[in-house]
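Structure provided below as structure tokens; questions to follow.
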Amino acid sequence: MTGEKCGIFAAYGVKNAAELIFHGLYSLQHRGQESAGMVISDQHGVREHKGMGLVSEVFQGDILKKLTGSIGLGHVRYSTTGSSSLRNIQPFIGDCRFGNVSIAHNGNLANTNTLWKKLGYQGAVLQSTMDTEMILHLIAQSSFDGFEDAVKEALWEIRGAFSLGIMTEKKIIAVRDPWGFRPLALGKIDGGYLISSESCAFDIIGAQFIREIEPGEMLIIDENGPRSLFYAHSHRKAFCIFELIYFARPDSIIFGESVYSARKKMGCVLAEREEHDADMVIPVPDSGIYAALGFSERSKIPFELGMIRNPYVGRTFIRPGRENRNLAVKLKLNPMKSLLKGKKIIILEDSIVRGNTSRERIKTLKNAGVKEVHMRVTSPPHCHPCYYGIDFPTREELIACRMNQEEIRQFLGLDSLRYIDIDGLKKSVSKPGENFCFACFNGDYPVIPDKGLGKFILEENSSDQ
Amino acid sequence: MTGEKCGIFAAYGVKNAAELIFHGLYSLQHRGQESAGMVISDQHGVREHKGMGLVSEVFQGDILKKLTGSIGLGHVRYSTTGSSSLRNIQPFIGDCRFGNVSIAHNGNLANTNTLWKKLGYQGAVLQSTMDTEMILHLIAQSSFDGFEDAVKEALWEIRGAFSLGIMTEKKIIAVRDPWGFRPLALGKIDGGYLISSESCAFDIIGAQFIREIEPGEMLIIDENGPRSLFYAHSHRKAFCIFELIYFARPDSIIFGESVYSARKKMGCVLAEREEHDADMVIPVPDSGIYAALGFSERSKIPFELGMIRNPYVGRTFIRPGRENRNLAVKLKLNPMKSLLKGKKIIILEDSIVRGNTSRERIKTLKNAGVKEVHMRVTSPPHCHPCYYGIDFPTREELIACRMNQEEIRQFLGLDSLRYIDIDGLKKSVSKPGENFCFACFNGDYPVIPDKGLGKFILEENSSDQ
Amino acid sequence: MTGEKCGIFAAYGVKNAAELIFHGLYSLQHRGQESAGMVISDQHGVREHKGMGLVSEVFQGDILKKLTGSIGLGHVRYSTTGSSSLRNIQPFIGDCRFGNVSIAHNGNLANTNTLWKKLGYQGAVLQSTMDTEMILHLIAQSSFDGFEDAVKEALWEIRGAFSLGIMTEKKIIAVRDPWGFRPLALGKIDGGYLISSESCAFDIIGAQFIREIEPGEMLIIDENGPRSLFYAHSHRKAFCIFELIYFARPDSIIFGESVYSARKKMGCVLAEREEHDADMVIPVPDSGIYAALGFSERSKIPFELGMIRNPYVGRTFIRPGRENRNLAVKLKLNPMKSLLKGKKIIILEDSIVRGNTSRERIKTLKNAGVKEVHMRVTSPPHCHPCYYGIDFPTREELIACRMNQEEIRQFLGLDSLRYIDIDGLKKSVSKPGENFCFACFNGDYPVIPDKGLGKFILEENSSDQ
Amino acid sequence: MTGEKCGIFAAYGVKNAAELIFHGLYSLQHRGQESAGMVISDQHGVREHKGMGLVSEVFQGDILKKLTGSIGLGHVRYSTTGSSSLRNIQPFIGDCRFGNVSIAHNGNLANTNTLWKKLGYQGAVLQSTMDTEMILHLIAQSSFDGFEDAVKEALWEIRGAFSLGIMTEKKIIAVRDPWGFRPLALGKIDGGYLISSESCAFDIIGAQFIREIEPGEMLIIDENGPRSLFYAHSHRKAFCIFELIYFARPDSIIFGESVYSARKKMGCVLAEREEHDADMVIPVPDSGIYAALGFSERSKIPFELGMIRNPYVGRTFIRPGRENRNLAVKLKLNPMKSLLKGKKIIILEDSIVRGNTSRERIKTLKNAGVKEVHMRVTSPPHCHPCYYGIDFPTREELIACRMNQEEIRQFLGLDSLRYIDIDGLKKSVSKPGENFCFACFNGDYPVIPDKGLGKFILEENSSDQ
């Protein structure tokens, strides 16, 4: 149930919704590579296409041509849980008393257990293992007669992280949870309206980025244009800092921040805090590259591309056996021996999760003759799970839960190791730091999840079962 | 919504349910070639696999090995409607307050419109376009607490043709509608129990055929073995005669009849009714072969294989253009020129639907030098739709709705044409003829369907929609 | 090197050579299912397409449309040797001093070892492991300047079985070896000419069957029409009897015989030779069906289809484990229990090779309740290898090399077993029996092969190698 | 016949030749993405595998495990000519009087027309359209008895660019043409020897880079280790400068130069030659990135990653229609609007070929608000074809053949444009500039090709053809 990295893209009132959504999802591919789906309405009926794989694989050939219509909703998804089956591909689509309704969801609900008890008793039949499905059931079982009221009632009942795109045959509704965990933005193109998880998609398809959907906002787009209402008050903002550190694209503006600038600033902040004696700053492609630029700029230490990426490493990569992890690292990223030999280098990483990949890379650098390797990391050590949609490994796997900083340095084979702290992160953004969620670093959770999260159990099953 | 050719195979208490069901479905492949699916329980959890294609294609590689468990339910399906999408592959599987429930269905419900109104108002969310899904919603929304009572209540509410396999994590329930439209049988193997649409599957996998499930019967198989109850009284039997004419495998016994014998008898009945002056009886492979044997045996006219089938014609068949239908026919079925030249022949067909294929074959035979072609058909002309699961073309396409017998003879280019009549069909079976449904021939429908069948409409949609 | 089952189809001077050849090869698919290939010339250049798989798989999509031209040569192939690689797909195509030349070959050469010594010393480079390639090298290295003379010289040097189609950009040459081991026929369509391994292909595509190519004949078709010359005298004919027994299609006429009639006569001959006390004659689909018809006709014992074939058994068939061969047999061919129980039956087979399949089928029949099973076989026991293109198992695997007739009867579990003899085969054909090759039955080989057949060795390799 | 971008990797005397060669080819993938092939010998026999596609696609699954042996030869290839068929995949493999011989070739021969006349008259049969095949025919037809002498004689007869790997069952021979157009290097691992087109492959697999093969050198590796001989004197070196500018990997050392350093120096040279008034230097990923680093370092103008690459753009990329080239550019490479708005930027490119892609990128940058775009290019304008293995478009397509520098600047929409000159390139390398081939820039060809290059014609074809 946990672990939904996702991207949403929707269109209303455009000439060729399917093509726009295709290019939008293509631009959001980094938010989910496991499956992709799209629902398109021509206002009289709804057509869908979904599949496992990348956007370009799922929508091959003539598929887009068959999805004619001016309203549409698309989704890319990544899930590391076992439930990566066909029926969990989003958007989730169902027929109910309001007609055909589709939902695309980025984030995780925190009260699924409570919801399922309620829904089960009322006779609901669930077909996926996604919390997203429950939202539609709540709408269908609502006591209200009107669709928008029913949606509002459903939103009152769910807690947790949810940026939503909801679509009927005739309208699009965009929703962001009251904490604003995940981004969601409104755009405009040729008289039509667009919804996207990130603003970069607007730039790419040549649309105008209007504004972000607000926490607690429900934006209805129909024949009368967009109408906004606030179904809940946002007492506390909790923007996911990890979107800025790693997850979002550098060419997006989310939570009012340029992702590129924020990452460069994180590098600057790290550079400011110490004296340096190194020959060059080296990014680990591609994650730490912006922070490395910032670090180099502030510290005046030259920036060099010391590790060469093989551009043909893809998903069909045949991994050499365990005994040869070093080869696996170099097939992807080969150190520039002639450049690095005998040098002291600083490498910038966005995060250290399990530590295994970093360890191999550092071993590879040392084998190539590097004299000293100093690592700087643009996130604090994290050892708390995320309940809001970022999929971290278990506590047992997270290196920061098992070792202190000195032990990690030794494990990785580094000459020095330094993390940014939460204060440094706050300095890297332009908005007030309190607006962000740092729960994966400090355990301070804005919303406490149900116990039993992720497992649907109705304990009071009938006796004859 | 119409047009479900299907096959069901289930197992309870066997060593390797998935392998048995695979071979069972393989033997029922003629009942549905579009998709196949299987759900297996090891009593603690449920695993599924579904896909478009033949049984052997869907369950390739190591898939069966991952489906471990002793209880299972499988389905093969063919649908000519547009709804041949992934989410319509059966068994239909859902979570509800009774836990995980799967349903496999052969037949068509006749009151889906009424059912949907009821379900929609109660907040149901439908994800497929199959009537089968409604049965699970009826169970989930039942007023009863016990699962079996809930199933019974659901069965009271549905009308039409339904042979069902229902599976929970711990039991199998087999159901046949009160009319008995479609077959369903009980078998036994190594202390476990099996359910199959046709008895041939039991023979093939080495199981024992115990008996057919009775019309109106609900048979529960769980740790206490099989228990039978009758949820409804069967006032009128309505066994589908088309199963005997064409649909079922010749090596099955259904409705108490040997399919092979019934078909031979149909040929005999046709032979008895006239004097003959022909050189040979020729079956149209493979459909009319048993009737041709019966006809030859009774009439003493030699049986010859006058048309040679290309065994490599498969689903990848590249059809030559429209201008060359004659080539298309001969690539599949080439007349034995040297055998047929100058001869008078009788050909046996099971049915004439649109007439186009027959016309081309007869043209081909005449081109090969046949002097006279006389066709005998083992079904009466049919011009009434089937509401119970056999997928006939529309009235406009059915040749018998557009032409009288003499016009059809001329259209097909025959020297004579004769159909069996309903009385002849009744003589071909050993049980009383009143027990069969002849609605597609005489329009006498045992169950009248809802108007609006096949379209889910809730007219009273909320005003803001 | 051994074991080439093949089919050839060529066209000259036709509108759309590729489409005709496609349908021709489609009709010859039974002669080779492993790979297919086609070369087409528009008189100014040559295009080719080849691939592993069935004709309909290899020439999918728009491939045929790209192969424009009025001259073409196609081939289907089956090889059980390890050399079923891409580069062995025929037609074999090469550039030499005569320009582009393609060769399609049915049969096996018997003097490849001698040929390779000669060719190797002259500097030839071989890229396939097919004897066919050597023919082109012999042409290229010929002492003659003219192409036709060079072909003739090459034909003088090769011995063994070869029906050949040879194609340049501007002509087609059809060749049959002086013994006439394999069939090859000439047809005509719309002013153009066709070459086919079997006449059935002409019937199917609507062409006229003119005559068979004669043993020792070389037929050149170019802008002046067909010209015939005899490059060798045919001292002894050696038509392959196994083509009539099993290999060719029943709707073909080869060696001047109707294959269908010959098979029926083999059944008659077997029926004439004994008194019978059986309830029915049952063909083993599909091989023994024509002989069974002949046997039934002559013996007056009823013909019944006692084993039902599953039409969906294809190449993706998942074979149940070894321990369950019985299931494997029944999944393909299920005995009609209700028909066979307590009966004495006669089954007709075309040949018993290893005996394993027959044994399982008979076991299956006995399990279904058959009282007595009597087998009649339309070929004599064979225990000699074929050097001319039919791929039999090794001596060790051939049951007739290991057991006498009574042992075979016991091994198969039969109540009686009787083979046709060579004399009976001679009675089944209309032409003189001396014209046929019975070497696989009696070891009387018309052409003795090289020792070392099938292995290219140049013993005198240079010392530094 | 022209246009062979290729990579060669061979191994002798290693534990698992196939795995080493796989990783070697994987590291040389940038030299050819169309097909890959490998031949492996266990000294008693040879096995091969070839296919269209990337190395990781061609050698999927268990293929490597079946290629056991300690000697092997592999190849990656890219050809833009029509001849990208299966039979042109290298290594080229054939049987001749010296046994089985394989050849892998990087470069193009310049006297194929002359060679083919000689070979054709001697009866050779060619099956590919690759000049590489002729080398093996020359060896097979040599007047020498010994294999190495025969290779030497063949090398005397060919002219042009050729780095070769030649393999028999028992030895590897590495050859470089007397001009040294293409790179080839010798490495060592665990007592075995390796040959690679570029040294980066040695680093990646953990092998030691010994030295480059010399122009005119023939290096034989067999059970006695490596032996070197010079089959020709190298009067003039002609190392391909384009390997340094663009083609080789930055982490390779070829022609005695670090590719990374050479590229940085090209950027420095360009920076030195002018005064600058720009806000930032921006690389066009990934080609101009090293030159951009050098330019920034020398000019002190900040280096920024102003265009964000979508890492999921792959070969399945669905190109938007022609009317929307701007979208196509941005889907791959999106300008950082917030960074670039109102700025003056310098972008570094390695070459301008047709100019279309550059034009779209510059349009995209201007649309994103960039004030001035200044382009600096690390190769001179080129308008001469390469006869030695780099595949440039035709003269008509090369923008530098159609426009002068000012016209190109206007066409691209630039504010200024400056190319490096040949003198600048010579300054960027550490070795004497005369050792390089600049023919594509100045038309000074070290080897003049045959007329009729690329077409095999034997004008004196026999009269009856």
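Remarks
Labels A, B, C and D are assigned to the chains in the order they are written; within every chain, residues are numbered from 1.
One rule holds for everything that comes next: contacts are C-beta pairs under 8 Å (C-beta built on N, C-alpha and C of every residue); 3 or more make two chains touch, one makes a residue touch a chain.
Computed from a predicted model, the values in this text were never measured in an experiment.
Counted as hops between touching chains, the shortest connection from chain B to chain D is 2. Using the mean of the Cα atoms as each chain's centre, the chain most removed from chain A is C. Remark: chain B and chain C have CA centroids separated by 39 Å (rounded to whole angstrom). Chain A and chain C, compared by their mean Cα positions, are separated by 61 Å. Chain centres here are Cα means. That of chain C falls 48 Å from that of chain D. The set of chain C residues touching two or more other chains is empty. Judged by the touch criterion defined above, the protein chains form a single closed ring in which each chain touches exactly two others. Within the complex, the chain C residues that touch chain B are 19, 22-23, 26-27, 29-30, 33, 54-57, 59-60, 200, 203-206, 249-251, 253, 258, 260-261, 286, 289-290, 293, 297, 302-305, 308, 310-312, 314, 316-318, 320, 326-327, 330-331, 334-339, 368.
Within the complex formed with chain A, the chain B residues making contact are 50, 86-87, 93-99, 120-127, 133, 136-137, 140-142, 145-150, 168, 170, 456, 458, 461-465.
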